[in-house]
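Here chain A shows up in two complexes: once beside chain B, once beside chain C.
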Partner chain A sequence: MYRTYQLVLTLGLAALLPGALPAQDISAEQVLDRVENAITASSAEIHLRMELTNAAGSRRERSLVAYAKDSGDRGKSYIRFTAPADIEGTSFLSLEQPGGGEEMYLFMPVLGNVRKIAGSQKSGSFVGTDFTYKDLTMLGGGSYGEDYQASILEQDSGRYVLRLEPINKDITYQYAKMWVPSSNWFPTKVEFYDKDGQLEKVLTNTDLEKIDGNWTAREMTMHNVQKGTRTVLQMEEIHYNTPISDQIFTTRNMRRQG
Partner chain B sequence: MHFIRDFVHRFPKSILIATLLITGFLGYHAFDITINTDLRHMFPDDDPAVQTFDRISEKYGGAEFMVLVLGTPDGLTVSALHTIDSLTTRLGEITGVSKVRSITNIEEIHGEDLTVEVGPLVPDLPETAEQAADIRQKISHKPRYLGTMVSNDFRYANILIQMKPEADQKQVYQAVENIRSRVEANGEETYFTGSPVLTEEIAARMKGDIIRLLPFVSLVVMLILFWAFRSVRGVLLPLIIVFISLIGTIGFSGWIGQSLSIISTGLPILLVSVGSAYAIHLLARFYEDQLHGIGREEAVSESILNVGIAIVIAGITTVAGFSSLGLSSLSIIKDFGLLTAFGILVALLVSITFLPASLLTLRPPKRFVSAERRRGLDWVFDRISTIVHRYPWYVVGTVLLCIALSLWVIPKIQPETNYITFFPRESNVRRAHDLVNAEFGGASSLEIIIDTGEENGIEDPAFLQKVDSLQQAVAGIPMLSHPMSVVDLLEEENRALHGDDSAFDRLPDAGIAQYLLLLESGSENILSDFVDFDHRELRIRVMNGSTKSRDTKGILDRVHQLVNASFGSSGEQVTVTGVPVLGEKLMDLILTSQIRSLISAVVFAFLITSVLLKSIRRGAFCSIPIAVTVLLNFGIMGWSAIPLDVATSMIASIAVGIGIDYSIHFYTRYREELRNHSDIEQALNRAIHTVGRANSFNAIAVTAGFLVLLFSTFPPLRMFGLLSSVTMLLSFLGAMILLPSLIVVFNRIRSTHVDTNLSS
Partner chain C sequence: MSIYKRVFVYLLLGLCGVPAVRAQPLSVSGQYRGEFQVRTADSTYAHHHWMNLVLERSLGQDAGMHLNLEFNNYGTNRIQTLIQEGYVDYYTSHIDWRFGKQIISWGSAYQIKPTDYFNPYDLTVITPGEKRLGVIAASGRYYAPARIEISAVFAPLFSTHQFVPHAGELLIQNAVQQTVASLNRQVQGVLIQPDPGQPAVLHEVSPTVGNSQGGLRITKRGLGRFDVSVSVYRGRDKFLTVDEAATAASVYINPEDPANMDRFATVHLFYPRVNRLGLDLIGTLGNAGVWIDGTRSRYRNDQFHATTNLAAGADYRFANNLYLMGQGLYIQARTEGEKDIQALMLYGSFPVLGFHEVEAVGLYDFNSRSYFFQPQFSYSLGDAVSLDLGGTVVNIQENPFAPIASQLFGDRLYARLRVDF
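Entry: the complex of A and B
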């Protein structure tokens, strides 16, 4: 019900390193810009494991591979399940449209056919995880400036704490809090507060590592504190800026690979 | 008893002050008392039925519903949809509510050409009549919503309020009720029901009626006491005893944090009868002795020594009788029994200390009307004496006949745990209930949980086919309808994925895991209501129109048969739970607990009177009249088709507790008289004329008091009042006619026996 709409944030899979700038007096917008600028690699290929845990502690595991590409101002992403066997080949494709918005497609091997997914799907849970479609389909980069207005809550020599207020009315959060170290502008933690102002989800990025020259979180955890559920993404293999053919991001490819 | 007498004589003022102080302290805590009406509260904490219910509720987000129906006489218009939506939002904000489902927030899987969408059925509220018509059109093609969220003719919209398992039922009820009454004040037509609503309404009505009627009960009792004693203290002292024990008991519960259950609200009425009995007997003896020229101090001593012992025996027996309810496996009956036992103990202690202490402190009375000659009463006692002496065999014979008639119908008594029968037909609650039964198939659900025993076990298409057949079979049982499970979701999804082609409105043949992936997606995980996290078990929800307990049992039996036929031989484990299952369990518990507590109450009474009167024969004399009363009580219930429910099941135990007082008072007086007049018949005659007075004052006061309950607006309370009155009269007659007749018959048999022995 509550959406993490447009908060890719952290899936800053392509964090360009803007260099360790001194934490001087910069505005909240500038901080947000730097975070945004940190996620502008032109392409990424990520093999990841997804672990879902429910309140009772039971676990389910899925593996998937995600491709993202930024061609001009149109982001494209393709996510395909590789395990377990009974869902292998199921895939999602998301294409940003020139006029804003995007199109989403689903391929189910059992159907042997591609279906377009209508809008309201994207802001909901992605296949029962604590992440949303948006979170995962915007692998190529996202823009907070369009959806959020930032203000600085705290700052010291090494980091900023931002308060993000949604300006997009589709976002049902009241606000989010983001921790950004000024050393790499890669957010380490984001808290999402629901419409009653209660903490709903916490995202933590750990195992930061420089891959192909980009700071990357090897492990990302989204914890829904209200439901007690948790989804952990573990990046097993990451390639940045390798050439990915546009043919990958087509419905024909979905069918072929499924 | 000598100790008590000396104690009372030495410290009368201290006793008065101490009693008032303790009462004051407990009275302060009486305000802390709460009433708990939760169905689960009636069961023991570790009851497996409740544990299963809680586990399933916890897993799937609550299996107890309140149902709010909005009348939409013009169909689903723009304004009706807006009202439903605003209600849905406001109800969802209530603490303790886990989910609210209505036509405006329900999720659907929709397909058109090559597009599929999982999302709200009504994504945007309509602004124009055309948009509203579109929504109606859409709903009419979805069998999942017709008859569940919206009535078939669109004239009623259903809002299901699912409660969290740990929710404070009363609070949620109040919050919903507030919202409902505001909407109704705006001219909307609303209906509010569901099992938590029923129990709350019952508690409110019970409490309201008791608070309203208690002054009248007191007034009636006071009038009769005035007729009996013609003195202020004769009226006030018994009532003071009653109120001290009442305040003491409720205050004590509040102090130790024990909440009152729905039936404990009958406690005041009980204490009025028992508490006043002790005072009446003591006062009557006090006046009787003074009339015979004994001084005030000595009269108090004599009363304590002679009547006090009877009061103590009666009190202990009654306390034991109610404590025996503590053996009940039903928490409500157990709590009620122990609480009442405590109340009676207080009444007993106050009666033999506070009461004589007051008599010593007050000025000596000038008149002794209660003990003086009274034509009416004495005429009745003369007749009783005559009957007892001339026709004891007829008395015994008549009673045996009545017992036979009672035994004949007792097996036909119907247990009833469906609270809806407590409400008059024209009441709002009943109308709401009938409407929801007619339009939506009921306000409670039966939950069938099928555990496949292995992860992803439910993804097997063959298994799902079996579930589908089971659902269809279950829906064929009367009063069960609208089964809903992951099967229905998969069918809907299959159709949506095939461009809304109705040919695909069936279970997919393969690839269930892929279908489920899509169902798990979206702003609301609709799958989580019906499938567990591991995809190991699934839940079938079936709406259940509430019925009489007897029918529920039949329905559940058929469900179990069907379940066993489908899954009995395979590895799956099936659990059936839900409010109807708890109701049925409650019925079983009422029956077993009733039988057990009655037997033990009678046995207790017999044992205690035998020990205290130092003879098994005497114990038998005292307990036979109440055993008969209990049997006749059930006979009356059987012949007049009064169902055995949580309230009426109490009466027999009350009869044991209170009824034995009459017998013990009569018997101890008879023994006292026997010491002075060795002739049995003369001793009986004396006892009838002396203790008969106190007994009849008491019986008349209590019966009249109970009859006031006939003015209750609440049928079960009326039934309770009527049955209790009749039971009181029966125990009185049992003590005054049957008991002496038995003594006469026994002695005649024995003397014949002795004569025969002598002559041989």
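Entry: the complex of A and C
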């Protein structure tokens, strides 16, 4: 789940190089490296609003606050829903393990209990949105080398278009196309293609802003073109590299905040 | 102004300026549930309403208060008010204390948790184990190094499972009938009948120190891929049972027909004292979640066997968001008159058009062939507003004391409106 929040970090931090630079003659792997290396924040506190639109045009909103922190080789993240009322207080805690893998916990106020949850809970969509956990991983920037093989599809003076083919069997797309401007190495658009090679989803990042010295996409939109659904993530408040106590990332905190 | 007065005034002013001492805003939230049922057996309607009002306030960094008031009715104009929870939290550097009426959530199983010792079930809700009732208690949780948590609970008062009006009486009637039938089998040729003047006596648990409940649990998190807890409990069983000795002693010859030697009996019902030892283990196997939640119980009364209660299950969420859970239940009979429960519980849910959900829960007891099945469609009307449409199919065979006895009132179709605020 840590990579869930790396999404936000990635989209926020990737654009660090000022000014439009011409595309250089570098390999696809080097492009990915630059996207990955653009993530420099060691912690983040993010207040998010999610707007979900279903195929019938109905809309629902959710709000949450997320904390993420790198503690050496162990990433931690904590997310707590603040709205709507029926899920308010529900929280997730993810603790990456030094040897790989992660421990995840769920707290629901109605149950009053912190419950350890399994990896399969990350299957499917992320809390009912059009984002899957794997989408978020893909955008997280931390595991391209492990999960994808990249090739350059197009290259012009200001951007690269990459084709990413998953080598991780848990990723269900056939491939993805990612648009990366060389000005900031910030993925501005990603297309996801299903197993049949048909376009399934499109992610666009807009409303860029420099926050705490880091470029951030204030708005990210994932459009599932096959289902006709859409999820918009809006960053309402972001703080990078602020001290976040390790006590945030504990089951004790989940109970107290719930 | 003397120096002492100045110091005192400055101290007071200083304290008022400390954010932790200032009054924090009161948070108000809650839920309304309105349920309309058609009981298919007799084609009658029933409606129930619940309203929970939750008031919370932070009392600085180290304390907080929580009050959950419930208003409900059972198809009548009378509104019952109860404090579902009302407690104060107090936090020290390593211990979280909670004082007041509270729900103590122990156990990792789904809905029916053997190590969930303290809180009785609210059997007025449709799904077995869905809702529990608060108990007055003092509890503390010590967060030790190495991700060890030690929890202790002391609950001075005993409270039992809650039935809808008349269901409790029905339970007692069933117990009387079964006990009398059992006595008749034991004393062949002599008819034993319920005493018309006093067919049953329910021995309530008096609020004395000797009737208090207590428990201790030690949890180790991150033991391999598991969180492991061991626990002990001393208190009473929350399900009624027949006091066989007292019932046998109550048998007397019908004074109006002494020649016939027929006998009357008063069935004595009570909540037996029990000590429990529990093990609770939850973790992952591959990408699936697995758990075992079990107890070994010793009753402080010779008529009962030592019993084992066990819930073991697994869950998995698929890439298409289908969630499946399966859990086996083994509840050993406490007396010769009861039967073991060996049941399978299944739950599944699947989102529909993004915001809506189809779900179903089922429970089948292989011994008694009792079952419970409840499919439901939850239609989201808006943020935090949903309409549940479903049905319940119930077949209870024998075992009036089984945890699934909440379904004594039979098959139904229902519509339920839920509004969270």
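Methods note: the second predicted complex is superposed on the first by the 226 of 258 C-alpha atoms of A that agree within 3 Å, B and C clash if a C-alpha of one lies under 4 Å from a C-alpha of the other, contacts with A are read in each partner's own complex, and residues count from 1 in each chain.
Simple rule for what comes next: a residue touches a chain if its C-beta (ideal position, glycine included) is under 8 Å from a C-beta of that chain, and two chains touch if they have at least 3 such contacts.
For clarity, every value in this text was computed on a predicted model and none was experimentally measured.
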{"item": "Clash or fit, chain B versus chain C on superposed chain A", "value": "clash"}
{"item": "Touched partner set for A:86, first chain B, second chain C, both or neither", "value": "both"}
{"item": "Touching partner for A:60 - first (chain B), second (chain C), both, neither", "value": "both"}
{"item": "Which superposed partner A:213 touches (first chain B, second chain C, both, neither)", "value": "neither"}
{"item": "First, second, both or neither for A:197, with chain B first and chain C second", "value": "neither"}
{"item": "Which superposed partner A:255 touches (first chain B, second chain C, both, neither)", "value": "second"}
{"item": "Contacts of A:106 with chain B and chain C, given as first, second, both or neither", "value": "first"}
{"item": "Touched partner set for A:127, first chain B, second chain C, both or neither", "value": "first"}
{"item": "Touching partner for A:228 - first (chain B), second (chain C), both, neither", "value": "neither"}
{"item": "Among 128-136, 344-352 or 506-514 on chain B, the segment whose C-alpha atoms clash with chain C after superposition", "value": "506-514"}
{"item": "Residues of chain A at both interfaces, chain B in one complex, chain C in the other", "value": "52, 54, 56, 58, 60, 84, 86-87, 111, 113, 115-121, 123-125, 128"}
{"item": "Chain B to chain A touching residues, read off their complex", "value": "110-111, 114-120, 123, 456, 459, 497, 508, 510-511, 513-515, 517-518, 520-525, 527, 533-534"}
{"item": "Residue ranges of chain A in contact with chain B within the complex", "value": "1, 3, 52, 54, 56, 58, 60, 84, 86-87, 90, 106, 108-111, 113-121, 123-128, 133"}
{"item": "Contact footprint of chain C on chain A as seen in their complex", "value": "52, 54-56, 58, 60-61, 83-88, 103, 111-113, 115-125, 128, 132, 172, 229, 250-252, 255-256"}
{"item": "For the chain C and chain A complex, residues of the former touching the latter", "value": "29, 31, 89, 91, 96, 103, 105-106, 108, 141, 143, 149, 221-222, 226-227, 282-284, 286-290, 315-322, 351, 353-355, 380, 382-384, 386, 418, 420-421"}
